[in-house]
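So that we are looking at the same thing, I have put the structure below in structure tokens.
Each chain gets a letter, A, B, C and D, in the order it is written, and its residues are counted from 1.
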């Protein structure tokens, strides 16, 4: 039986990034995906790189997120050169808008704390905002402008990681579901699938919200849960917005060719991939309040992503506390696209035994310590 | 060159019904469709047979509509036997509901006039209505119950007509657009297409809203215009309604397998087949007001139909005033499915030279008389 | 926590039939489906009811298959009345054709043995065959005519079972994957899912090829494996064949509206749902050899079904040898549609403790006896 | 009524390129498309830039084609900067392969004549070819290597032209069909549509194969006809070929992300957009003969393009011989993508009254001179 330096379970943007980084370090990698590559949350994402928009400067995840965001320009070139795919990186910045005085106050406070941390962010009055984005509602109080929060095509990014990984020698098998983890003397030795067993001393579970099913079998019960998010997209011949518009409970991301992605609802604790009428109605209402011209756009399609959330809101990166060689990278919630570059590097470092104080907050045993103590 | 007893231009539900009736009378028929069969309004319809719901008892169209509705049970059997297709006729009746006191008064008046005309219709109070349809909003004032207004699958009906026509010997060509009408001495002699010419002494234009383009070439300018209608459908495992629910500006038609069709917006003077966000938002708002449980249903899809409307709201049936052998059947607006059975029979009668006083209201020269007088 | 009389795992045609029969016997049933209802092999099937075409008269499965085939006419009416869905039952018979002298001899022998068993079957010469189906290739040696092997719409049948089950009170949850079976003292007590636990003293695993994943957790290792089958469909305005045409490695099933389904490849030991170019090329070659007029038809679409096969080719019906209350119904391979009516009745009988000598051949312990002895 | 400097009829790659060039020259342009932008042949194309592969060096079209090919690198940057869209230009060259000795001789002769004309082209033996493309069949005799014939995404190119045109101020209306041309004293004055009339002294017909319908109304009968081409695409995780492989009757174009486009059949004189089984079977057979590994790839989809061909194989560029201000650009056959950049510039030059000896071969009156003489 063939043996691999590492087996990655999960063919989304996280599994793809890890495979790409492992391959760059010369590892012989097998990536297993139970369905199609990038078939779930990775393709459902709007692709915002909202490090400053989504996170507070003192969030343990912020440093990681900002570093990951900074990796995109070089990564875009590298992936284009290696796998031929343009990830459609756009660095035009983001507006986080306020509809109420409370939101305005909150955003101004956020700006102050981010500026204090040396980050670029500034307040635009309603009038100044509409000079740049004239079709936004005059109901808006103004916006926090974040020049460094860009966006990519989530689907292209996931594809770019896996295609580049293949170009570097990674072996990929779709429609192969890992039914069990194999261990010997408390160490991982491989995986069991309907297509047979595959051997490796390193197995990385990167299955997004579905990771929990597999980890159960390892005696670990990570505090994670699925969060359904519904989105839709519209088409328009004339561009309505130039930058991403972000508000409480609704964002609008302008894509190439006149597409705008509108997202996303937040419905915890379900793997149900059906789009509800209520979800669509809520999103349309919020989106047209921000951008009244949305009403005249053409409906394109709607979809669902199941995002992996954790109890404390932080992802899990690290080795299994009781099973040597079993690594986990999950819990990225709405930041999977943003965090994918750094996750690949970080997991490669962890697997190579490197130590780094920064990762402590994301260790698996932060929530399961009682079980293994 | 082959010659036909009749050439029908248009492969929707009207052209199909005419072809079926002509074939039953032993005619050699050619049906030409510029795109796919039933690709436009015929497949977009919700399939309501709303003779009493849509028309007043004194409307010139009412008698025709009621007779056409009455043809469906026998037709369903005939089409199933001839072409093998079940048109999914459901005869469970319809509720035309009132949301305001004005609507309630209007419906009660309508009930009276229909009862006076010998038709079945009755008023149900809000409480009685919700005994039958318990999930309807308690905001409703009540409903006009119309036991005889059933429904079919519009798509299946169109398919059944054309497949049955083929079984009876009709020749069908898809993707063949008639670019011109050919005449000799003021009489029709055939049609010109990119695939060559086809000869017949009888040409019937049944192209729905697109009929106008062709009729222009005949020197006639019928007072017709396209009216865009947007719809969407949802899926649900448990049945939410049993009967069709009809209100001002919104209807809900329960289909087999848990599908509900919600329609339809009314946007005149456009052939644009794009679904607007505004259209969807409006329909969802109206539908969930009638049936709050709609919110939890699953979004399926959305589409557009371009319906042929006329200046006075009545369809055109008859021979061209200045071109012998050229017949027209268009202008069915939202009643194309309902009127399709009678239209087939009527056009066959007209082509065979039968006289019938009832048709006078639908003659072509009612609006173009000045041109040809 | 709610408790059910029975929990059925799997929302395909088998799970649906069992749910329907249980509900008819007054049971409180929960049906769990990990994805969408009828999303896998049930919808992929061509819907042939080939009891005589697929099985030998002395096959232990034959009696069951013939009885199940005989249930369809009454079932079609019952499902239409209960759930409103027409399963499109067509009873025009089937031609099992011979391309070689060896195949001719084999079919004639099969006819003899079936006639001896009191079944209807006869040989048609090439000339006689082409009187009925004039477009079939003149290369054919003739055909075995089986008047009683009809067909249905597989997708409609699966839908009809589940919708009728719902109408009778069955509760259905889609996108709920059973991750584990719960037992108490060697008896089943319920199932674990990401949506929580559900309790019942009876759990029926009817997950087709995916059943194996779940059964592993019960300590049983049934000798089953997935077999991929690729199909495609074409559209045609004029009917090319009236009856199902069945040959070695290829069948053509004429559906309503001019669709013909062509199937199916046989690729064991994979859950891969991708259609290969080789699969399509092979099917086209075989189909056009049987029916040259296929060449001019319109391509519609292609798809894959993953069928559950067993080591000895017989399905498994029965109770788990070591876990009271855990029942299994799987391994139907290419006969799932045909066997679904009898499977529902049989599983209801087994669960009610009825004894029947006929089922012995399908007991679970026929292959696992050594483990549990 | 609004008046435009130019009205372009047709929203494909040719109409889009003309609109883009006109807008760059400061014109006020209206582009009308009867359906969706790039909905027909433009999106159906494989995107090869086969100037040397498709044309002989002494073909009157060759100079134009080579110049157009040379415009792509700068155009790609310009379109990306203006409209944000990457046209996925790949400049890896093309192999025109020989399967027979006759083809080998023909290609070697072609290489000689192209080298004599100063173009790059060279012969690779079968062994040398398979060093670069190891998965190609060993049945091949060798290949003509054309380093300068690249490829783009046809769909992206069409989108890039129209989006860039919009960014420069061009007004676009979809679903607006021009039903007639308006003239005054033998000069064009505008167009008639179902959405009303639009005025301009310059109307450019760029409707591909559909141009003929409109030109009939102008009293001109260009010698053009539609040619249907069927294609399909496959997906593969590992790259099978690096460069475009071109042979008699079949080409394979490797796209980003592991897609390979296989084209195309040649079926003259039909607007039928249905894919035939015969077409698919033929393409699969040819493609797998060139590249046996195709067999294991995954089927993605199939489609049809209707290409505009002319009697002498040359496109028409120029002003209508009898109607001042009416311009035509059609007849690009299989070279629409390749010729689109130069066509935009050329039509802008023609409309501005520039003279150029090179265009003579493409004048409209070359074939209609007798009519107007």
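Assume a residue touches a chain if its C-beta (ideal position, glycine included) is under 8 Å from a C-beta of that chain, and two chains touch if they have at least 3 such contacts.
Predicted model only: the values in this text are computed from it and were never measured.
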| item | value |
| --- | --- |
| Contacts common to chain B and chain D (chain labels) | A, C |
| Taking each chain's C-alpha mean as its centre, the one farthest from chain D | C |
| Chain centre separation in whole Å, for chain D relative to chain A (CA means) | 39 |
| Where chain A and chain B are represented by their mean Cα positions, the distance between them in whole Å | 48 |
| Residue numbers of chain C (touch at least two other chains) | 174, 274 |
| Complex contact set, residues of chain B against chain D | 174-177, 179-180, 194-195, 212-213, 216, 226, 269-274 |
| Residue ranges of chain D in contact with chain C within the complex | 234-235, 274-281, 284-285, 287-288, 294-299, 302 |
| Touch list for chain C against partner chain B, complex | 37, 84-86, 88, 90, 159, 162-163, 166-167, 172, 174, 237-239, 256-258 |
